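Shared between the two complexes below is chain A, which pairs with chain B and chain C, respectively.
So, the complex of A and B:
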C-alpha cells in the first residue's frame, strides 16, 4: 500500500496530507492523554506500535504471485482506539519512507490516510459491531484485523485510481487495475494478519488480564454482565 | 496443566496456518505465470501508473535510498527485528512479573502456614518455654 515517493501528483499529495493532518493531531492528543493518565499503558502502547513495525516489514508471498505486506494496525485500534494508531502507523510509515525508500514524504499523507486512519477505523468499527452482537472476542479480533488490513489496500487503490484514471475506461477502469494488484493479493495476507492478531491477543489475555479489563477489551463477568442482562430484560 | 498445553497447541496451530499461507503460493508455483514472480505489489503499482500515464514523471525522489537490494533487505529485517524485540520484551516482562507475583504469594502463604504451626507449637510448649529455646531457632 506504499505509494512510492513522488508518485502522486502534487495536488493529490497535498490534498491527502491535509485530509490526514487532523486525524494525526487528534491521535497525538489521545496518545499523550493515555500516557499521562495511565502511565502503565506505555508498555502496551509500545507493543502495539511494535506489532505494526513487524507486520509492515514482512513482505509475504500471496496467491496472485506477488508479494505484499500486512499492516498490523487492527490490534492497536482495538486496544487503544483508532486515533492512537494514526500516530503509531504514521511513525512506521515515516521510518520506512526515510530509511527504506519505501513509500515517501510526499505520499506520506496518502499512505497514512489508508494505513493509519481508514484501516484502524474500519477495523475498530467491525470490532465494535461484532462485540455488540456478542460475537466471541477472538472472532471479533480476527475480523477487525482482517478488515483493517484489506480496507487499507482498497483505499490505496482508490487513491491511485483518482490520481491516474485510465485514458479509455476512466476512474473505474483504473480502480479495477489497481484493485487487482492490491486487493486480491491482499486477501490471504489479511487472513494471516487476522490470525497473527488473534495470536497476540491470546497471549495478551494470558499475560495482561488486568490491562485488557481496564481497556474494556475483557469484561468483568460479574457486575457488568448481570447489569447488561437486567437492562435487556427490562427493555423486553 | 492440560489446559496450558491446549493453549499452546492453539497458538502453534495459528502460527502454522500463517506459515502455510505464506509458503504455499511459492511451493505451488502460483507466480510462474509472471515474468518476474513474487515482486512487490507496491512496485507493480508503479509499473501500472507508468502504463496508464507513460508521461508521468515522479516529481520528488527519496532523500535516502539504500544503495543495494541487500542493504534494503537488511533494513527491512532491522525494522522487523526492532518490532519483534519490543514485543518479546513486553511479553517477557509480563511473564517475569507474573512468576514473581506467584512466587511472592506462595512464599507468603508458606510463611503464614509456618506462623500458624509455630504459634500452635508455641502454645503447646508454653509451660516448658523457660527451659527449652524455641524450636524454630534450632
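So, the complex of A and C:
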C-alpha cells in the first residue's frame, strides 16, 4: 500500500526523502554510467520502467475475494538489480502519484524507501542467498518475491507507527496496530505475488531466454557433451 | 491514455508553463501539510476544490473518479487512530482524542491530495518531464522516464486487449485459469516491452540516434502574473488560517 499524499507530517516526509536519497543517487549514477557506455540502454531501461509500471497495475486475486496489485519489486530486483530498481521504482511511484493518484509527492521519499529500496534489496538478498545454496530457480524466485513484498509492508508499518505512535503504548503499540492490519491482508497477498512471480518467470524462461540471458538472470553455458549444444541454465 | 493525463491534455490550463501550476497546486499541498488541520487544511481543501472546478475547469465526475482512490486510502489510514492498544480500560479501546486526530489527518490528506490533483489534472507528464533537466535531474534519467511514459500507454493498451482475448477464451472462468491468464499477461508485458524497445532502437538507429532523445517542448514562458497571484493566494490562505485559528473554538 502506498502512503497517501499528505499522510506523513512534514518532518517525517523530509526525513524519509533524505534516507532514500543516497540509494536513488547511487541508482542514478549506475543508470547514467550504463546509458553513457551503451546509449541503446535508454530504450531497454525505459521498457523495464514501463514493464514495472504495468506490472503494478495488474490485479491479483486475494484470499478475501477482493483484488490487489503486486508491488513487482521482487521480480524487478531479480531482472534489473536493486540499484536500477531504486530509480525505476521511484519513476514508477512518481507516475502513479500523478497519473493514478496513488501515493503522493510529499510521501514519495517514504514510498520510495519501502517499495523501491528496501523491497528490492530484501528480495534480491534472499534470491542471491538461495541461489548460492543451489536452491532451484523457481523456489528462489518465489521467496524473493514473497520477502520483497512483505518487507515493503513491514517498512510501511514502521513508517506509519513512527508518524502516529499509539497514545498509550507508543511506537510499539502503533507498530502492532498497523502491522496486524497489514498482516491480515498482506501475508496472503505476499504469497499470491510469490506464486504469480513464479508463473511469470516460468513463462519468461520458456519464451524470453535471450532477454533473461542479457539481463544476467540466466547464463549461457556450453555443454561438453557429444552433441556440443549450447544450453541456457539458471545462474548459480 | 489514463483518465487524469487525458484530462490534462485537454485542460483549460494546458498552455500554461508547468511552473505556474506547480506553484499553485503543490503550494496548496505544502500548505495543507504545514498548517494546522483545523481550520488550515479545511480552508486549503475548499480553495483547491473551488480552483479545480472553477478556473481550472476540471469536470466534477472526472475529479471524483480520481479523488475517490486517495480518499479511500485516507479513510482506511485514519481508522487505526481511533483506537489504542493496552491501557487500564482494556486491550483495544477507543483512543482519547482519537476522533480529533483521525479527523485532522483526514482533512490534511484530503486537502493535500486535491493540491496534487490540481497539478496533475492541468499538466500532462509530456510537458513536465523534458523540463526536469533544467531543474537538475540528470538527462539520462529524464530520457528513461520519457520512454517509460510513452511505452506505458502502449503496454496498458496491449494488456487490455490481451485480457479481453483471454476472457473470450474462457481464461477467467476458474481460479486456476485466472492465475494462468494473469501469469501470461505479466510475461507478455515483459516480452512486448523488450520487443518494442528493440524495434524502437532499430528505428532510431536509422535516424542517427546518438543516445539523446530530443522532443519538442512547447515554448511557453512562466507567467510572473500567475505566479505572483498564486503566491498572494497562498499567503492569504495562511494568514486567514492564523486569524481563524484564534477566533474559532
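Quick notes on this structure:
FYI, the second predicted complex is superposed on the first by the 177 of 236 C-alpha atoms of A that agree within 3 Å, B and C clash if a C-alpha of one lies under 4 Å from a C-alpha of the other, contacts with A are read in each partner's own complex, and residues count from 1 in each chain.
The rule we apply is simple: a residue touches a chain if its C-beta (ideal position, glycine included) is under 8 Å from a C-beta of that chain, and two chains touch if they have at least 3 such contacts.
No experiment lies behind these values; they were computed from the predicted model shown.
In the superposed pair of complexes, A:46 makes contact with chain B and with chain C alike. Applying the stated contact rule after C-alpha superposition, one finds that A:32 touches chain C and leaves chain B untouched. Judged by the touch definition given at the top, the superposed model places A:6 against both chain B and chain C. Look at A:213: by the touch rule set out above, it reaches neither chain B nor chain C. When both complexes are overlaid on chain A, the residue A:106 reaches chain B and chain C alike. In the superposition on chain A, the residues of chain A contacting both chain B and chain C are 1-7, 9-10, 43-44, 46-47, 49-51, 53-55, 57-58, 60-61, 95, 97-102, 104-106, 160, 164, 166-167, 174, 177-178, 181, 195-196, 199-200, 202-203, 207-208. Chain A meets chain B in the complex at residues 1-7, 9-10, 43-44, 46-47, 49-68, 95-102, 104-106, 156, 160, 164-167, 174, 177-178, 181-182, 185-186, 188-189, 191-192, 195-196, 198-200, 202-203, 206-208. Those residues of chain A that touch chain C in the complex are listed here as 1-10, 13, 28, 31-32, 35-36, 39-40, 42-51, 53-55, 57-58, 60-61, 75, 87-88, 91-92, 94-95, 97-102, 104-106, 160, 164, 166-169, 173-174, 176-178, 181, 195-196, 199-200, 202-204, 207-208, 211. Chain B makes touch with chain A in their complex at residues 7, 10-11, 14-15, 17-18, 21-23, 25-26, 30-34, 37-46, 48-49, 52-53, 56, 58-66, 72, 75-77, 79-80, 82-87, 90-91, 93-95, 98.
Chain C makes touch with chain A in their complex at residues 2, 4-5, 26, 29-30, 32-34, 66-67, 69-70, 73-74, 77, 80-81, 83-87, 95-98, 101, 105, 108-113, 115-117, 119-120, 125, 128, 138, 140-141, 143-152, 154-156, 159, 175, 178-180, 182-187, 189-191, 193-194, 196-198, 200-201, 204, 209-211, 213.
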